[in-house]
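There are structures below to look over.
Below, subunit A partners subunit B and then partners subunit C, in two separate complexes.
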Partner chain A sequence: MADKARLPLAPFLVPCVVLAVVFAAALGEVLGYSFRTFIPGSLDVGGFTLENFARIGKPIYARVLRDTFWLSFLTALFTLLLSYPVAFAIVRARRPWLRGLLIVLAITPMFTGEIVRTYSWMLVLGTNGFVNALLGGLGLIAAPIQFMYRSIGVVIALVQFSMPVMIVILATALTHIDVDYEKAAANLGAPPSRVFLAVTLPLSVPGIVSGFIVIFAWTMSAFSTPQLIGGGKVLMISNMVYLQGLSSFNFPFAAVLSLVALVAALGTLSLAAPLTKAIERRAALH
Partner chain B sequence: MRTVKAFIVAALGVAVLGWSGTVTAQELVVSMWGGNWKAGAKKIIASEFTKRTGMSVRFITGGTMDRLTKAKVNKGDPESDLTITTTHVAFLYISDGLFEKLDMSLIPNAKELFPAAIRSPYHIGLYSYVYTPVFRTDAMPAGFRIRSWNDLWGPAVKGKLALPDFDPSHIIVVAALLSGADAAHWKAGIPKLKALKPSIKAFYQSDAVSQELMTSGEAPVQVMLSINGYHLIEQGMPVRIEIPKEGAVVGIDAIAINKGTKNLAAAHRFINVALDADVNRRLAEFYKAGPMNRNAKLDPELAKLPGVFTTPEQWKTQAILIPDEVRAKLLPGWKAWFTENMAGQ
Partner chain C sequence: MPPRIAAGLRRGSFWSAVSLILVFMTLPAVVVFVTSLSASPILRFPPQSLSLRWYEQALTYRDFREAFANGLIITAFASTIALVVGTAFAYLIERYRFPGKGLIELVLSSPLIVPHFTTGFGFLLLGARLGLARSFVVVVAAHVTLVLPFVARSVYVSLRNLDPNLERSAANLGAPPVQVLLKVTLPLLAPGMIGGWLVAGVLSFTEFTASLYVTAFRTQNLPVAMYAYIRENTDPTIAAISALLILGTTGLMLLANWLVGLERMLNIGDHR
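And now, the complex of A and B:
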């Protein structure tokens, strides 16, 4: 039999190699800036210094980093809890029109820009916004609940922003679960709740872990939502980078903050594989 | 096939003609803020310039610091011929060699300006405004007034105040003054600043967010740019602009020519048009700002408005002026201190 002509791989690698080189160069520049001295009143930077790294030890920056981790964790957790039922319904819906409708409802928010969605949340969560007007009108609250400029408001908006992505990840994981396993469990007498807890949920763990970590790492770089809804009272690491870098032109210190955020995000992502394996091993033992 | 060839030739012909049109058209590009800012400059300065010279004007817009960042990146090959920015940020442009030294012989209208207008050999003030306390009268107790900056620390303002986080210089300098010091010795005002925290509801990052906070009632008391306050009043909002007895912090927007421009002569002419007494008057009336040309006679009703300075007496008694170089050099430290001590919950 004649050898089939094989498509050369190299041309397809060129774009990603170019991107990787450009990205590495940009990161290298950021790393370089982190060791340079900031000169107030000038756009230039000075000589070598470790001062920027020493400054990161101040309590305010540790607090911002801690708050960033905590808000990212809460966002990922609530996004997971709210998205799982939607993803499950999409995958298990018997009627194609229902599945289509759920998909449209789930991912349509992605087509509106982040700023538009954030401004919408400002109208909904404001002191005189929709939520307070509704609760007040129903007599459930005597005074408006303060959502804006608080962590709760930021988390609510970030969860809504993250849900489409989480739903897609979870739906993909659930799609790969063979329904025969669920049928077998049901045939052996397990009620639906037991089928879900003993079969479906453990088999969807890789999707849960992936989705959680993706949303966690993604939220760590959130900027416009905490900027607008946090109103300078809720600061995440990206807001601090903006305040120090673009706003103050202290690019060296902004570079250090960026590197810290990058290391934290990469460290979190690196947990995905070992965490998934550990949970799967635990589930297998049961 | 013949049809395809004919189409390609026709398309190339249109492209060449179009390209030729782009190359030969004379155009001046001005970097400016968007929204109401661009609207005023376009309607008043640009249209007059085009009428006098036949040269069209195009604006590129963006935030103060964003445009400075872009200018630095494009150093030597600027995107625009002129830049309109705040006077102390212009100092940063100058320190990085981003502006041309002005040939004042090409700007004869500069002889008619207030002394405060000549900021440096590289940039000239176009109009002045103030950062001052502004509040919604329908969201504060009846009879509430801000007669002194100290009133911002009062119980009526608790949890209602918004301040700009992109430039805390106004409140920092005010706190220093209230503590008996000045801009250069601002640390004397630190206890006063920390005591302001209970009043602060939020920080705003832009004019748009400031106006949104006022419109929604989230922060009905603000240290706000007077021009934005008048913009809200024009839209029917019950807003009062106060000039405290200690004065208001003056801001001046200035114009300069970007180094490397290919339209140096036209750029100088643009500045001269902007400083023309009548043009400067119309611009100041549009923004409800103070003109820089002393022969620009504003409508008497407008001249009475808070923050519109038209006389040397007003500059002397109501203006808190921060020297550009002091502000440019101290601002990063002010921002760092402000972020580390005032921002956050």
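And now, the complex of A and C:
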């Protein structure tokens, strides 16, 4: 409002500051604990130490970190490949009812909660689950395929989890592409596949990059899927935090691991803006 | 090949691919529904005979009933507090400039980026320091933090789409700022606020990872109780309760869609 008569700032500011301080204090506690000495068998912690940070260099934790990155990468990649056609369909659907239906089908899985979704995938992928019953019934497999307690099962579930978010990001990017560019290319005689590859796809690269990075960062924080479908055989950093924090009560080391996860997520996301900008600049030069 | 047939084939294969992908996305929910109707306690697909016994078990199991009630209390407080703070936050960001604005924006939006287990662990430690370990206060505070960005975003979008002339004319007619806010701005923001409140409610009610850290048996919500059950049992009780949750959340999302329009809230579509 450009008016001189304005409401005072305080009633809006105070609740926000209070909440921000509470959240910052919670994260501050994690930071504080990461520098304290673990006393086995006690919830109290000892004095200052840097040892907790040194411990993440051990092969077992380094491996968990590497696995976390690799599973997140695979998830982001397959999520992208499966989400693009759906996002494209949503943006280009001409009939409003069709677009509404596509949006509801694509977005609703986002809101059912991770426990419900993870459990659903256990039913689909289990030894006596849907996929094995179907393939076995068709006579395509002699023995059940093992999806549970393996990376493949974890990634399949994580991909379905991540698709709603990816679809929203891609659809937003595709919405902002001017259809006139595509029409111009088509009028100049480009076949539809070439219009897509030479016009639509390059123009949607910023959406692709930000979608990939968001899902990558998001998957690094996934917990219930590796916990239940991985069943202790597939360990991501979240499962390590849980083991150290709520099973061994080693709060200081759990604090270090959750800080590592936080830094990894922040670091990945901070790549998004400059990367997108660099790509847009290169595209503009062409 | 004649171009019309080629175009038809292309369109046909595109839409088949899209349909297959959507089947992949909805398959788990369908399998949950079918499993929940199985009569056998052994998870096996497809069920040999049908019954509603797991629904009865899910609805009468004491841990689930208590966790459901806990979840309602947590969600009611968390989403309502988030609605008040989130509306103030959106208004603040849209209408004011002041030193430290960027910092507050950063801290209050960061729960979207910070892993939920880090947030949950932080609130667990903070609660212990304040002598409130695993009480409802800590659970609600953690949930408010987690759902706030969603409410704020919904209200912010409504605020951006608001016609400033409406507020201006009210002010020109002599309405004091408080009255403009209460009689013009807030009523116009109501759909965005209600939509954000519903989304916040659904997210809080289904929040698992952070809740696992901040709740105790006495304060656990439904997802935490379900997790405990899955670890101990393999019967389809969880399938029944999942089916009910899927129906409930889908209904609420349709309501939010009708109130605000998911397309508008998500900022997609309608570019022509």
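The working rule: the second predicted complex is superposed on the first by the 260 of 286 C-alpha atoms of A that agree within 3 Å, B and C clash if a C-alpha of one lies under 4 Å from a C-alpha of the other, contacts with A are read in each partner's own complex, and residues count from 1 in each chain.
The definition used in the following text is that a residue touches a chain if its C-beta (ideal position, glycine included) is under 8 Å from a C-beta of that chain, and two chains touch if they have at least 3 such contacts.
None of the values given here were measured: they were computed from a predicted structure.
Trainee: In the superposed model on subunit A, is it clash or fit for subunit B and subunit C?
Mentor: clash
Trainee: Quick check for you: in the superposed arrangement, does A:N128 touch first (subunit B), second (subunit C), both or neither?
Mentor: both
Trainee: With both structures fitted on chain A, tell me whether subunit B or subunit C touches more of subunit A's residues.
Mentor: The partner that reaches more residues of subunit A in the superposed model: C.
Trainee: After superposition on the shared chain, which partner residues are touched by A:A106: those of subunit B (first), subunit C (second), both, or neither?
Mentor: After superposing on A, A:A106 lies in contact with subunit C but is clear of subunit B.
Trainee: Of the two partner chains, subunit B (first) and subunit C (second), which one does A:L246 touch, if any: first, second, both, or neither?
Mentor: In the superposition, A:L246 contacts both subunit B and subunit C.
Trainee: What is the contact status of A:G232 with respect to subunit B (first) and subunit C (second): first, second, both, or neither?
Mentor: first
Trainee: To test your reading of the overlay: subunit B has the stretches 20-28, 56-64 or 272-280, and exactly one clashes with subunit C. Name it.
Mentor: 56-64
Trainee: Check subunit A for residues that touch subunit B in one structure and subunit C in the other, and list them.
Mentor: 43, 122-123, 126, 128-129, 228, 246
Trainee: Spell out the part of subunit A that touches subunit B in their complex, as residue ranges.
Mentor: Contact set of subunit A toward subunit B: 38, 40-44, 58, 60, 63-64, 122-123, 126-129, 148-151, 227-228, 231-235, 240, 243-244, 246-250.
Trainee: Given the complex with subunit A, which residues does subunit C contribute to the contact?
Mentor: So the residues of subunit C touching subunit A come out as 7, 10, 14-15, 17-18, 21-22, 24-29, 31-32, 35, 42-46, 84-85, 88-89, 91-92, 95-96, 98, 103-104, 107-108, 110-111, 113-119, 121-123, 125-126, 128-129, 141-142, 144-145, 148, 164, 167-168, 171, 176-178, 181, 199, 202-203, 205-209, 212-213, 223, 226-227, 230, 238-239, 242, 245-246, 249-250, 252-254, 257, 262-263, 266-272.
Trainee: Under the definition above, what is the set of subunit B residues touching subunit A in their complex?
Mentor: 65-66, 68-69, 72, 91-92, 95-96, 162, 165-166, 201-205, 209, 212-213, 216-218, 325, 328-333, 335-336, 339-341, 343-345
Trainee: Can you list the residues on subunit A that touch subunit C in the complex?
Mentor: That would be residues 1, 3, 5-7, 9, 11-13, 15-17, 19-20, 22-30, 32-33, 43, 82, 85-86, 89-91, 99-100, 102-109, 111-117, 119-124, 126, 128-130, 132-133, 160, 163, 168, 171-172, 175-176, 179, 192, 217, 220-221, 223-224, 228, 238, 241-242, 245-246, 251, 254-255, 258-259, 261-262, 265-266, 269 of subunit A.
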